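Here the chain labels run A, B, C and D in written order, and each chain numbers its own residues starting at 1.
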Amino acid sequence: MNTIGKLYTLTSFGESHGEAMGGIVDGCPAGYILSPEEVQRELDRRRPGQSDLTTARAEQDRVEFLSGIFEGKSTGMPIGFIVRNQDQRSRDYEALKEVYRPSHADYTVEAKYGIRDYRGGGRSSAREHVARVVAGAIAKQVLRTRGISIQAYTSRIGSVEVNKPYTELELNRIDESVVRCPDERIAREMETLIREVKADGDSVGGVVSCVIRGLPAGVGEPVFDRFQARLGYYMMGINAAKGFEYGEGFHAAAMRGSEHNDVFVTENGQIKPLTNHAGGILGGITSGADVYFRVAFKPVATIGKEQQTVNRSGEEIRFSAHGRHDPCVVPRAVPVVESMAAMVVLDMLLEAGRF
Amino acid sequence: MNTIGKLYTLTSFGESHGEAMGGIVDGCPAGYILSPEEVQRELDRRRPGQSDLTTARAEQDRVEFLSGIFEGKSTGMPIGFIVRNQDQRSRDYEALKEVYRPSHADYTVEAKYGIRDYRGGGRSSAREHVARVVAGAIAKQVLRTRGISIQAYTSRIGSVEVNKPYTELELNRIDESVVRCPDERIAREMETLIREVKADGDSVGGVVSCVIRGLPAGVGEPVFDRFQARLGYYMMGINAAKGFEYGEGFHAAAMRGSEHNDVFVTENGQIKPLTNHAGGILGGITSGADVYFRVAFKPVATIGKEQQTVNRSGEEIRFSAHGRHDPCVVPRAVPVVESMAAMVVLDMLLEAGRF
Amino acid sequence: MNTIGKLYTLTSFGESHGEAMGGIVDGCPAGYILSPEEVQRELDRRRPGQSDLTTARAEQDRVEFLSGIFEGKSTGMPIGFIVRNQDQRSRDYEALKEVYRPSHADYTVEAKYGIRDYRGGGRSSAREHVARVVAGAIAKQVLRTRGISIQAYTSRIGSVEVNKPYTELELNRIDESVVRCPDERIAREMETLIREVKADGDSVGGVVSCVIRGLPAGVGEPVFDRFQARLGYYMMGINAAKGFEYGEGFHAAAMRGSEHNDVFVTENGQIKPLTNHAGGILGGITSGADVYFRVAFKPVATIGKEQQTVNRSGEEIRFSAHGRHDPCVVPRAVPVVESMAAMVVLDMLLEAGRF
Amino acid sequence: MNTIGKLYTLTSFGESHGEAMGGIVDGCPAGYILSPEEVQRELDRRRPGQSDLTTARAEQDRVEFLSGIFEGKSTGMPIGFIVRNQDQRSRDYEALKEVYRPSHADYTVEAKYGIRDYRGGGRSSAREHVARVVAGAIAKQVLRTRGISIQAYTSRIGSVEVNKPYTELELNRIDESVVRCPDERIAREMETLIREVKADGDSVGGVVSCVIRGLPAGVGEPVFDRFQARLGYYMMGINAAKGFEYGEGFHAAAMRGSEHNDVFVTENGQIKPLTNHAGGILGGITSGADVYFRVAFKPVATIGKEQQTVNRSGEEIRFSAHGRHDPCVVPRAVPVVESMAAMVVLDMLLEAGRF
């Protein structure tokens, strides 16, 4: 199904080369000022054609709101929106009608549905993320009124990696870099790497890190619907995501309890963990400390090099992509990670009765 | 809420030191032979006191089925079950009434609910996993009739790690080792490490790897409810889990597309990927190749060493655990990971109309 | 929340005088031929201005599909659609900004949300039904391929009532009458009554009857999610609905078991109930006999006569409606009842694994 | 599925002649005093063998709580409970193994599941209602702290009917009558009628009326999940229910708008409808006035008279019931209606953020 969330939900629709992408945001609390311009700014952060490092597909990605906002404020009613597709060079894709591209969803979608909109990945295209960015941008505006911020950045591209913890980075400067990495020196290395990969007709993976600040203690659930389980679900639902970890993550496997445990202290009358190896969540519920996590992305499957594969008849063929594509999706995935995180946070605050 | 799943669901109840753990499995297809003995065997794999490496809490964990099975078969009706708690030395825990233990859920549960059953972790105890093992053991029996198997093993404890891919391991011998590691030499190193850690009054983390074999192509969803998103959600909902990755996982971040892409071939008339970097899932839907993934676990928060913390009044205190606990939960987490995976698989097969 | 259904769902959006009504249909099985023209015909049955008996609001109600249909067939992906609002004379409604109209949702919406789009009923307007008719018209097309039909008709307006059972009526001639009553003589009486009521500046209630034919035995659930519970939920979610009954309904209260029981017989090798007092459902599950039910509608709250009420400050005022409205909604509710029934049927067939 | 509710949920299990009935109540707000004795009293109102008018099956229906209540209070964790079956004379039912009883679920359950626990109706037995009464009795205790009461009564048996509105009845005296009718004279007529019907080896239907008092304005949803839609869903999910209406119900079909509309007035600074034809709900949301509704019940399908039917092979047979049964379920349905209503109310108050 194409709905995500329990109390703050997004239902999305749209294929890469259909009429429009769009969706319905439901459960937005009533009476909040919502700026369509701010939503548009978030879409601009994700849109193709931002720099020479991204796909050349020319999409303006203009969002049109159709309901749920009245006199500048949310009414509590569903917020319908559409983003018309413009640069739909479907003829580029006619050739793909019979091909199962390597590491794409062509084969698996047909295995499930028996039919496939083959134009540019159809429903499986990462273009579906526009709906998530709209829903996330609305959530962010509501969360900001509660002093909650969500900031993601590129922390790794290929083997180029940020080595500092997020606390030592200037997260407000993320967008100053075309790769969305707040460490200037590393950002330049990343750019160089992406250009090399692009020149090679290849692609490269990476990691997005994200920090949620300002969350109160007491948000989440103790058993199945833990805060981290929700985060994991939303993040693993992003195209190309291969892994999720929070707090010390996989590194915790190598640690001792005496090292990993966070001692509680009282500061200004407020109980809080002194360190934050846990990543702001204990037993599925927030502790009031920052929640931080990382999402791993695989290299884009579409590459310029010729590859072997099969067609719908199962015959082995040689195949080269001629569509436009990104050598590395990670910088454009940054606002998507933020959006998905914002949706989780608002949903779980609602569940905790905090609105 | 305490329900997980959409079409095959578990609703669980019970506190560590209450009357009983239990649950209701709903959506089990009708007409399948279900062996209570086999469910009991899976519970025995998780139960405390299996070896000197686990907690000494003496629980027989006998499951009693109350409904939904008639003349040895599932009827399609909900399967209610209970597991009575026996060794509930609540007096051990009276001392904890006022303490917020470091890296435990004591503080966060109270922040959310304003009240807490403080006996041995209450609802937040990993003892809740017994319900999941029951639900998983039922799912496994149904899946086996379709030729689907799920096998998990300990692939890392602290810095001791299995270096071979799962394809080179004898997965049928997992239970021969007390740590549930199929690499004999590594298993012995893990045992040694856990004994050292235990002697130190400390704990240690690890990683569980898991393989799902026999899944047909076409199971999963293309957008939000991807197969990997569901796996991530279920795994991150296990106590002490800190990270999830599938296929190449975080390692994919360092790879090129030309390296990571899996070429399709036709073998005996069946289309399949030649390699399986993807981990058996493309665009959220299974490809027919093995699904494999890993879950990172933190070191247990309960350690023997004295620690600093605060009490409910926020006063800083010194505190030592006297309750019984495991130096490393990873070996007992193996059947839990398998159970959660079995629940996902059955749920998504039902969603795909395969039953 | 604005989603209805479990496996075949509609999420709707839109306010009476906003930009557009619309929605997303999710879970439509893949590979079915879907005719947009047929959807439009169903919308035309509901649209205002069909005759002098309905509101004069001039809306063409043209549906635009944005996704989920490719080369004339459903792809299994979400079907996004919009219906632009055209005749939005919002100035008619400016006067209502401060008024809580009697028996309208103005007061209760503000009590819940603290804010209200006061233009013509906003989200609470029956204009939201356009989304349901689209979703229903799609479901009907899929159901027809399985030989399942759904036919509703006006069986009562005020005290004018059809006295024959549905089996004695020509249900294929429903649309020949402007009031959608297949009994010609009664239909004329209904028309006369509605014209009288309209001339009076008043409104009148009525009943819609509905028959579902061709359903196989075995669809539904035995405990909570009974077929009739779902029908009741969907029907009571229609604007102005005040009651729901199926089979003998309220009349069953006066019957004896020996009268009401339907004897099973075998006919052409098929087991079936000989009579059908039950209305085609036993223990929440269909028996293979026709499902029939009735929905009661109240008289429209908007009337021409001057009425007393209060404004937002609680001051008592006199008030007359100047907006356009129907003297009786029942004829236009007929396609809505059919649509909601079609959605239930498809949803429950999917649940029963019949697709 | 066997779960009902969104935020306050009941998942139930159990067959009429299995080990136990039981369930899990989830979403109960934390910190409320819950009296198990009070829950038992509600079960006693539903239990068989209360008088000579009900089935002679001897069940004590003792509830055992297993979790979620600590030191007398709800903890916010799931409340597991069981009620052991005692008087399970399964041999009475062995004869029914091959019979499809008229107007019972035997045939339809097999049509759906292919298998059936034939002992006394199995899962389809009204004995499942014990779980609902437990969940309702918990909800009632929580609601009482907010001044919300729910009272149901028998308003019709066969053709014997209460003619006064609920406002003229002494609802606190409902349980003084064995048929649960607060109009003494009518109650006696009902008793007489049930005795006659019983002597005849027959059964008879009836109507339960219910009033919810103390609900604040602003609870419900404007589109699909209307307060009345939820009520309708819950009520139509009760065994033997054939119809649901609220406010004027089916009677509204015969009314004019000028008659049915409720004028708003201000009383002690509080806006409220002067009359209450609407039944306390406008546009799906409560108005602060009493919510009242009626549920129609069919005559019990099990009768003493010999009946014709078919067996599993489709052969026509003669059949007489020898199991114990009620000539009229309506008096025992009264606490079930109250329980279901209490569950709706608490669920929707939670949804409205009122806890």
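Rule of thumb we're sticking to: a contact is a pair of C-beta atoms (placed from the backbone, for glycine too) under 8 Å apart; a residue touches a chain by one contact, two chains touch by 3 or more.
Note that this is a predicted model, so its numbers are computed, not measured.
A centroid comparison over C-alpha atoms places C as the chain most distant from subunit B. Averaged C-alpha coordinates put the centre of subunit B at 39 Å from the centre of subunit D. Subunit A and subunit D have CA centres that are 46 Å apart. In terms of their C-alpha centroids, the spacing between subunit A and subunit B amounts to 27 Å. Subunit C has residues 1-3, 12, 77, 112, 123, 222 in contact with two or more other chains. If you sketch which chains touch which, every chain touches every other chain without exception.
On subunit D, the positions that touch subunit C within their shared complex are 1-4, 12, 100, 102-105, 107-109, 111-112, 123-124, 128, 156-159, 197, 200, 202-207, 216-226, 228-237, 239, 241-250, 252-266, 269, 271, 273, 277-279, 281-288, 296-303, 305, 307-310, 314-316, 352. Residues of subunit C touching subunit A in their complex: 1-3, 7, 9, 11-15, 18-24, 26-27, 30-31, 64-68, 70, 73, 75-80, 82, 112-117, 122-123. Within the complex formed with subunit D, the residues of subunit A that make contact are 77, 222, 353, 355.
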